[in-house]
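Next come two complexes built around chain A: one with chain B, the other with chain C.
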Partner chain A sequence: MSGTKRVGDAIFGCSFAALLLLTAALLLLPIVMTTIMSFDNRDFLGRFPPPDVSWRWYRAFFGDDYFMTGLRNSLVLSLIAAVIATTAGVAAAVVLDRYEVPAKALISAFLLSPLVVPTVILGFAVLVFASLIGVTNGFTRLIGGHVILVMPYTFRTTLASLVGIRRSLTEAALILGANEKQAFWDITFPLAKTGIVAGLVLGFALSFEEVSLSLFLFDPASYTLPVAILSTMRAQFNLTLASASVVIMVFIILLVVMLERLFGLDKVIGSGLYKS
Partner chain B sequence: MKPPRGALLLLGVVLVVFAALYVLPISMTVRESFRVFQPARVGGLAGTWTLANYAVLLQPAYLDYFLDTFRISFIATLVGLVLAYPIAFYVARHRGILRTAWIALLVTMLFLGTLVRAYSIALTLGPAGFLIPIARFLGLPPNGLTLTEMVVIFGLLHMVVPMMALTLIGTIGNINPRLEQAAQSLGAPRWRAFLDITVALSTRGLLSGFLLGYALAISSFVIPLVLGRGFVLFATNLIYVRFQDTANYPGGAAIATVMLVLSFGIVYGLTHLVRRRLETT
Partner chain C sequence: MSMVDVSGISKSFGPLTAVDDVSFTVESGSCTALLGPSGCGKTTTLRMIAGFEAPDKGRIALGGRDMADKRPYERNVGLVFQDYALFPHMSVAENLAYGMRRRGVAKSEIPERVRRRLAQVKLSGYEDRRPSKLSGGEQQRVALARALATEPEVLLLDEPLSNLDAKLRQELRGELKCLLETVGTTTMIVTHDQEEAMALASRIVVMNRGRVEQIGAPREIYDRPRTRFVAEFMGRSNWFVGRLERRPDDGGLLFRGETGESFAVDDADGLHGPVDLAIRPEQLEIVDAETPHALAGKVVTSEYLGSKTHVTVQLDSGSVLLVIFNKSGRGEAVVGDLIGVRVPRDGCILLPRSGPVPTAPA
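So, the complex of A and B:
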């Protein structure tokens, strides 16, 4: 091996590592900065870094009725939307995966297609629809929009978990005298459970942090936490929002950890043929 | 297996509900975009057909918003691809704690939510953060258009890099690492082996990753709304402005229809075209 080649390879390796490090830093910088600023003890938005730390912005966030009502609404909405979307997603995935259904690929593509619709447009469309048919209740509109938003994900994770379950197991149960229903609840469902729960968690997380859809659909009595945060952000930019962001972030990290424990993140992202 | 009647019925119910909540609203929005707008009225005039809502979009003032959306998103997605590829390469080719850390970072960043992302970046690159030092370093006015655009690009990057890196891991994982090793043992320097073998073989994945990222970027809403500070508006922001200021449903519907056609065109149409092109050559 020639000397210049070795030097060139070393330079390549170093710049590769440097680029990785830079990207990691760029991704992490805003998060770290917000976390530090959320503990600022000054009562105004001052320059970084904070001279002193305190919990004052967390107290401000949790003591604020506007945010707490939003938080409650968000938790209820996301739970309802995730449960409906999971039920519908599991039903569709099981029927499509286990039986000979006409136009299978087309139906799958149709159920996944909301992934391509920008959320703003979905929100606007549901609003136009609700106005034209006379639905003025914000919470009803929100549930409708969030179910459509989340269902492709719950459908997809269930499909993915069904792939690994051999059909012969169901057939064996049927031969041994079980009916279709028993075969599903005793065989398929327990085996697919982790995938289904992962879909539920994923759906809940996505619904919980959604804002561009909710912005069109909420009404003053049923706004979500992200809508409250966005309105506050546009009115006055203060550090209560930093503590709110950190709270949401911790919540999302907990859900990601849960997904990892349930499903394994490797499985969520998938890896190629050639594992190193 | 032949489906029992109950199973078909179940699927039917799901499809009907889905159609009611999704297909109906979208088709009504498309229909709405062809109606005559009348101020102080919910929805356009019934029974009317007009192209006026689309003609407005061709005026230079509106066209500029669309061109801004495409240009800024293009820059962000292109830079994002350059940053995402090495991460995907690292994750696909290594084992151990660093790989796990990268996956955890990417997934957490993917799930961060646009709002937390937008706020954190606004704080970090705002007056309380590093805005003044960065502006001084670049020799740009801190409240100028150029710097605001750069902040919006950073916001979009922060969104598309995790997504593109995660999609590219599979692509790179499907390329046999022996090929690169063979090139190196035959005397190619590491950077040439990397570019000529691994990067060249992932062209298809790179293109579909780029298109997915681009579709995501042009349809982003919160990032330009918060980070653009009114200087930079994306087409999606216009829908909201037109709806909020004047309750102009037909006008908003026309922009929504254009964006919808673009998103579907990019994700389904262009991706397939690119794939077919690459398979025949």
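So, the complex of A and C:
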């Protein structure tokens, strides 16, 4: 009897490993292929693999004003949106975690709701709202939309790190002579810093790569890099897109590595709620 | 002069009344314990004195000044938290310096005062360590030094020894007592451990269900509890239910138990009629079976515990008594022996009849 059990176990184990491998392959292959193709030396989109490699598409990308404006816009937009969203997220998290507030769960759910609203709907809603209140500037619209999009992440990471900070630490600061503001800056903030910075970086990365929301909100003077890539794809499909994608990818990877180096990614995303 | 003056404070959290009309005073330079089981309101009382909670009713004065609407940082109170609450991102020295900085002590004075306080708790040389690198006992002493560093009028200790293991607790209790006496600050200790309260405090406020049950010196509380709760909380007792009567021979008081025991007792604050009677196990004396006026019975169990022996005796009336005597005390008790138990007249705790009696010696 135990023989059959063993065989069953082995089959299950093998198919599980196979499934994992397949999933990983599906995730990685397109990225790997794109990266390789971005070094293709041919003028046209030819067969894989490229017969010859060069930096030409990277030169094309960095030499293109259209892309460069998009890149600059994206960097500025993501930075502003991440900073605003972090400030607001931290404020909301501190109030919800540290003070007696009615309907805590409801407010928290509301602040996290952009996570479940499709970005298409969010984009449309922000566009309509902006025109109703008379905001016609594309960049302002983009900032508004991206702040809403990113805020749940900054709010959540801050909240997770605040939960780990014992209330008695703040009380100790108060009884030792600090007022509430001093207690926050002396004790709570330094201890929650990890989560706050993580939220900032994560927010920046998410905003930087967001496309569907931006499609609703951009105007010809202020478009983001992902929007530029999408428009180019429709107009003239060439391998500049591959190099642009690789540039974005490398940039995001660098951010994540930086996060990991500074704080440990595990600590930032995972265990926040459970540390003592 | 009383340094802490709490009068008639109450506090509710929603439907739960945590503290109900509590009043007491603490003399300047003395040490008082708030003693009671968990949920009795002692910690809430402490938090109101510290200023973390505002009383719904009543008044708290520290050093003669009314503390209504005063934030914690506007009171000159030191607090040692149960979890010590040491700032994990600061060194020991920075932890100690924090309060002094925030209370406006001159920068140039701080290092010297930090050094002195650390020496006082025997942690010289620990300045640069992180709290996480310290043992529980060391953390406790840093917390104490930090609380004392701001030279508070009143020092509050919230279950100061409860996070330590039993052996260390005893050791640190002695050290803590010495330190508190040296410093001479008015101190309040919140604890659920009656031994801790008796060892450290000169006065004990016993609390139960948000109310004060009794206030007094440790000896008074233990020997002359005024309520059944206090008697039971302060230590083990043998309980009898019965009546007080006049003795026909000399007119003194005689206790007549419902289960048939009777013995002479001393004065009882004018009590007569139905009473509850408690006798501490160490007050009872095991004597020969034939001794007059002793309660006759049989030894059921005998536990030799080194410094003392616990003996349970089943009386002829059916009641079971716990007797504790120390090593140097009277004789041995062998299981199965027929013996007598003598009740000393002045060793009984008499209380007006209350609820049902615990079945076994509690």
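Criterion: the second predicted complex is superposed on the first by the 253 of 276 C-alpha atoms of A that agree within 3 Å, B and C clash if a C-alpha of one lies under 4 Å from a C-alpha of the other, contacts with A are read in each partner's own complex, and residues count from 1 in each chain.
Just so we're on the same page, contacts are C-beta pairs under 8 Å (C-beta built on N, C-alpha and C of every residue); 3 or more make two chains touch, one makes a residue touch a chain.
No experiment lies behind these values; they were computed from the predicted model shown.
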{"item": "Superposed partners chain B and chain C on chain A - clash or fit", "value": "fit"}
{"item": "Contacts of A:8 with chain B and chain C, given as first, second, both or neither", "value": "first"}
{"item": "Which superposed partner A:173 touches (first chain B, second chain C, both, neither)", "value": "second"}
{"item": "Touching partner for A:212 - first (chain B), second (chain C), both, neither", "value": "first"}
{"item": "First (chain B), second (chain C), both or neither touched by A:258", "value": "neither"}
{"item": "Partner chain in contact with A:147 - chain B first, chain C second, else both or neither", "value": "first"}
{"item": "Chain B versus chain C as contact partner of A:107, first or second or both or neither", "value": "first"}
{"item": "Broader residue contact with chain A after superposition on the shared chain, chain B or chain C", "value": "B"}
{"item": "Inter-centroid angle chain B-chain A-chain C after superposition on A [Cα, multiple of 10°]", "value": "100"}
{"item": "Touching partner for A:68 - first (chain B), second (chain C), both, neither", "value": "neither"}
{"item": "Chain B and chain C, minimum CA distance [Å, superposed model]", "value": "7"}
{"item": "Doubly contacted residues of chain A, that is, touched by chain B and again by chain C", "value": "171"}
{"item": "List of chain C residues in touch with chain A within their complex", "value": "50-52, 71-73, 75, 77-79, 81-83, 85-89, 98-99, 102-104, 146, 150"}
{"item": "Partner chain C, residues of chain A touching it in the complex", "value": "166, 168-169, 171-179, 182, 186-187, 190-191"}
{"item": "Of all residues in chain A, those that touch chain B in their complex", "value": "5, 8-9, 12-13, 16, 19-20, 23-24, 26-31, 33-34, 37, 45-48, 88, 91-92, 94-96, 98-101, 107, 110-111, 114, 116-122, 124-129, 131-132, 144, 147-148, 151, 167, 171, 180, 205-206, 209-212, 215-216, 226, 229-230, 233-234, 237, 241-242, 245, 248-249, 252-253, 255-256, 259-260, 265-266, 268-276"}
{"item": "Contacting residues of chain B [partner chain A, same complex]", "value": "1-4, 6-8, 10-11, 13-15, 17-18, 21-22, 24-26, 28-29, 32, 42-43, 83-84, 86-87, 90, 92-95, 102-109, 111-117, 119-130, 154, 157-158, 161-162, 166, 169-177, 187, 189-191, 194, 215, 219, 221-222, 226, 236, 239-240, 243, 249, 252-253, 256, 259-260, 263-264, 267-268"}
